[in-house]
Every structure is written in structure tokens, then in C-alpha cells.
């Protein structure tokens, strides 16, 4: 099993950051690598079990399933159903925690998956340093510093 | 703030117990104190934010909001919007954990709320020893021992 | 029960912040309100169950017991045995989490306790905004920003 | 990374089970595979960072380091420093949770480690089904059912 841990600080209250990232269908609105997204079967994007089918700007296509979401604990968990990446059993969680003394937000994005040992280092780097950190950087630009 | 912690063991695999309790609209199916339940606005019962309006066998009526649900971590969290109980800011979580050596389930039901100090002991008892334990006992009867 | 939650960001790696706060007898080294501290019975300050007897600059004296400590999860938990504050069943936890994208540290200091309802707001303010935030501010000055 | 999860139910209150397993030097008292144990450098066995050097009945010898311990959350975490097993970066946690409706104890023993892919299944089986479950079975015999 491989594990990715990426965390950062966003200069905005957790409620505002959550409003931007909560929607499981909203990746194109805040993540620069994502070109378009839709939820299959016309389901609400906060229905547990819904599937997002999205396309990256590089043309790759992924399908991911919403496994858990909490407006109380400010996180959501999802798995990959289909992707061009050579991995299996991928489960990721995006989580926000309020930073009380500045009204900012601590954001964590973690993932676990199985893959061939020789692919692990590269996948951890491209997911953590690539996908997750790119999302953080985009949120930082949006909310300022 | 008052806190309730109730936990028990159910003699069935976590997947089977989860199948019985997961549906936020299914209390009448497994909890003997609940007479009927419906989700407002025709929303799916696993859409985060949906509201259940249910009636107890004693005639009391409650409205509760689904704050979080995870098929990965096997829990759901909800708040009380309206109830005849003299409390505020009530948030509760029902959570399952697999017991690996027997394929049984550890079940926890917790709540936190605010109330007048002189009502606390009675409320903790009626919620924990009453509502939650009654639900556990009913699951135990259903799944056998 | 009352609850205090205070969190902040320190501009240094978690290992360096942990090295500064880990020692249960080191409050006088990093918290400006504390004048002197000693561990009772000559025990090591990282022995679970040890008691620190310390004096504030204002003359108040407290005794606190180390309930838990982890170099793996970077936290410690302690209770108050004796203090001039009108509270009971006080348990607090100081916890560090690495912020991966800057090599900084997310720090959380939480407490729970029982007190008379009319004292709650003031105690929450003096513990969270006073004691805990003063400690954070001192760490921030020490590690720069 | 490999992961082991083993859990069970012990028919005794958590305080009594904790009293039996808390001492990092007490494996020979409650785990039938362990012949003898000592803490290096004469340190207390609840000092975070202490090292236990113990010998199995089969002659194997291990050294493990106490990374964390909490009398509040009822768990301890340790790493392997030396062992005959072909693994690295081994960290394990033993944790108790009270089962409120019977005054029994839910016990979890988890581990994570790195190893050659072709050794993983066997190591997970021998650690989880072997070492951990053998410890649980011994506690069950001791406390009855």
C-alpha cells in the first residue's frame, strides 16, 4: 500500500473554503487541471455513492465515487473507479480544520492505494506533489494570502 | 455541554449491520420506538443535508438533519432541528467497527448537546440508556447472539 | 462540560516545535506566564503519570498530571490536579501536525472541563484566549514568521 | 506498506484489561509466546522512549521502542528496532475502548510496516493471526467469557 499526505494553509475561514470545495462535481471550478465534470445518473453531488465522471485538461478521463461527506467534520472521502493511472484500491480524503487564531484553514488531502512497487515513488509524487498540491496552490491564489 | 456515550456488540458482520442502519429514513424498520419517518422534499435519504421528520410511538415528533455519512468509515452524524426535549445544539453519531476475530460488530452511538444543568443527568439517561440502548437491544434481537 | 479549542500555525518544522514543547517540565522555557516548574518525586518528565508542580509569574500554583504522550502522533494529554481556577475534571491536549507544503506546523491546544454555568464563558476565554494563545504567540516569536 | 488490523472483545471492564496490558515490560505475564522481557538502561516501562528487549519461547529476540502511551485514551504505540522478521518501519498500536452496555472491552491491535511484496501476505498473517490473535485469546482465557 502506498500513502500520500499533503497539507497546507488557506488564508480564509473554513466555511468559505468548504463552500468552494464541498461540491463533488465542482472540481472544474477550483482545480486547474480539471476541464469538465458531471455526476452520473443525474444524482445530487452530495448523495453518498454518487459517481463523478470528469476529464482533465490533458485529456485523461476518471470516474470517482463519493464514499463519505460530512458538513460537521468538513471532509469528503472518495474512491477511483476508472483512471489511466496504474493503481488499485485508491481511496482519498480531503479535510478542513479551522485555524482559530487567524480564522484561516488547515487543509489536508490524503490518499492510499495499491500499485506495483516500482511505480510507487512516481505515483506518490504525481498525486501528492502534482494533483493535490496544484489544488492547494489554486485555492491559495483564489483566497489570497 | 452534555455528552452521551453508548456502545455494544452486535453478532453479525459490520456490512450486514450497516445495511440495516445506514438508511437515514429507516428508523421505523429497526428502532422499536419509532412509528413512522419520511424525508422532507422527496430527497434521497443519503443526500447530506436531508431532513427526516419522524414520529415516535408515544406521539412525539422530531426533525433531524443528516450532517455526514460515510460508507467507508461506517458512520453517520446528524443534528436535531425540532424535538420536545429541552436541549439545544444536539449532534449525534452512530458508528460501526468490525470485530475481526468473530466477524461481529462494535457499535457506538454518541451525542453532545447543551441543556439546563438540572436537566442534564435525566437527559443523558433517557437518550443513552433509553433511545440508544433500545436501538442496540433491537439490533441484538434481530441478529441473534 | 465546557470545551476550549485553540489552533495556530508555527513557522518551523514539526520536529523542531516538538523538541521545544515535548518536555512536560519545560513550560518555563517556552511559555511566558510560567515562572518555574518541577516534576514531583524526581521522575522523568516523559514518564506517563508524572506530576508537574509549577508556579505562574502571577504567583498562582498548579499541579498537573501527564496522562498521555506520543512521539509518533506528536501530542500530550494532561489533567489538572490542583489549581486556583473554579473548575473540575480538566483534561487538555497539545497536538502538532506537519504542514507538508511549507514544512511548518499546525498546532492545536484543546481542553474540556466542568464548571458552574455562570463561570463557563470567562474560563473558556481565559484558558483559550489567555493561556493557550499566549503560548502560541510565544512559539511564533521564537520561531519567527 | 502493509497493514494489519485485528480486533476482539474481552469480557472484563477496560480498566481491568488495561491494568493487565499497560506495562510495556509485562508481555511475559499475559502473552504466551513471550518468555522474558526487560527494559534497557533500567528505565521505567512507562517512560516514552524506553526500549524493551524480549525473548520469545521459540528463541527469537526482539527490541521494541515505546513511542506513545495514554492512560486517558487507553492505547500504546511502539516500533520494532530489531527482530528476525524481514520487515522495516514497523509501528504498532494496542488500543482499548469500553463497551458500555456490558462493561466489557473492545480491543484493537494494528500494525503498519514495509516489506518485500512477496513476503507481505505471510507477514500479515503471522503478525495478525499469530502474534496479535494469540494475545487476544490469552486475555480471553484469563478474563473468562
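Order of writing sets the labels: A, B, C and D. Residues in every chain begin at 1.
FYI, contacts are C-beta pairs under 8 Å (C-beta built on N, C-alpha and C of every residue); 3 or more make two chains touch, one makes a residue touch a chain.
Quick caveat, the model's predicted, so the values are computed rather than measured.
Note on chain B versus chain C: their Cα superposition corresponds to a rotation of 180 degrees, in steps of 5.
Among the pairs C-D and A-D, the greater number of C-beta contacts is found at C-D. Centroids of chain A and chain D (each the mean of its C-alpha atoms) stand 35 Å apart.
Chain geometry summary: the mean Cα position of chain B and that of chain D are 33 Å apart.
A straight line joining the Cα centres of chain C and chain D is 29 Å long.
Annotation for chain B: no residues touch two or more other chains.
On chain A, the positions that touch chain B within their shared complex are 43-44, 46-49, 67-73, 77, 79, 91.
Chain contact summary for the complex, chain A toward chain C: residues 5-9, 97-102, 104, 106, 108, 128, 133, 136. If you check the complex, the residues on chain D that touch chain A are 1-3, 117.
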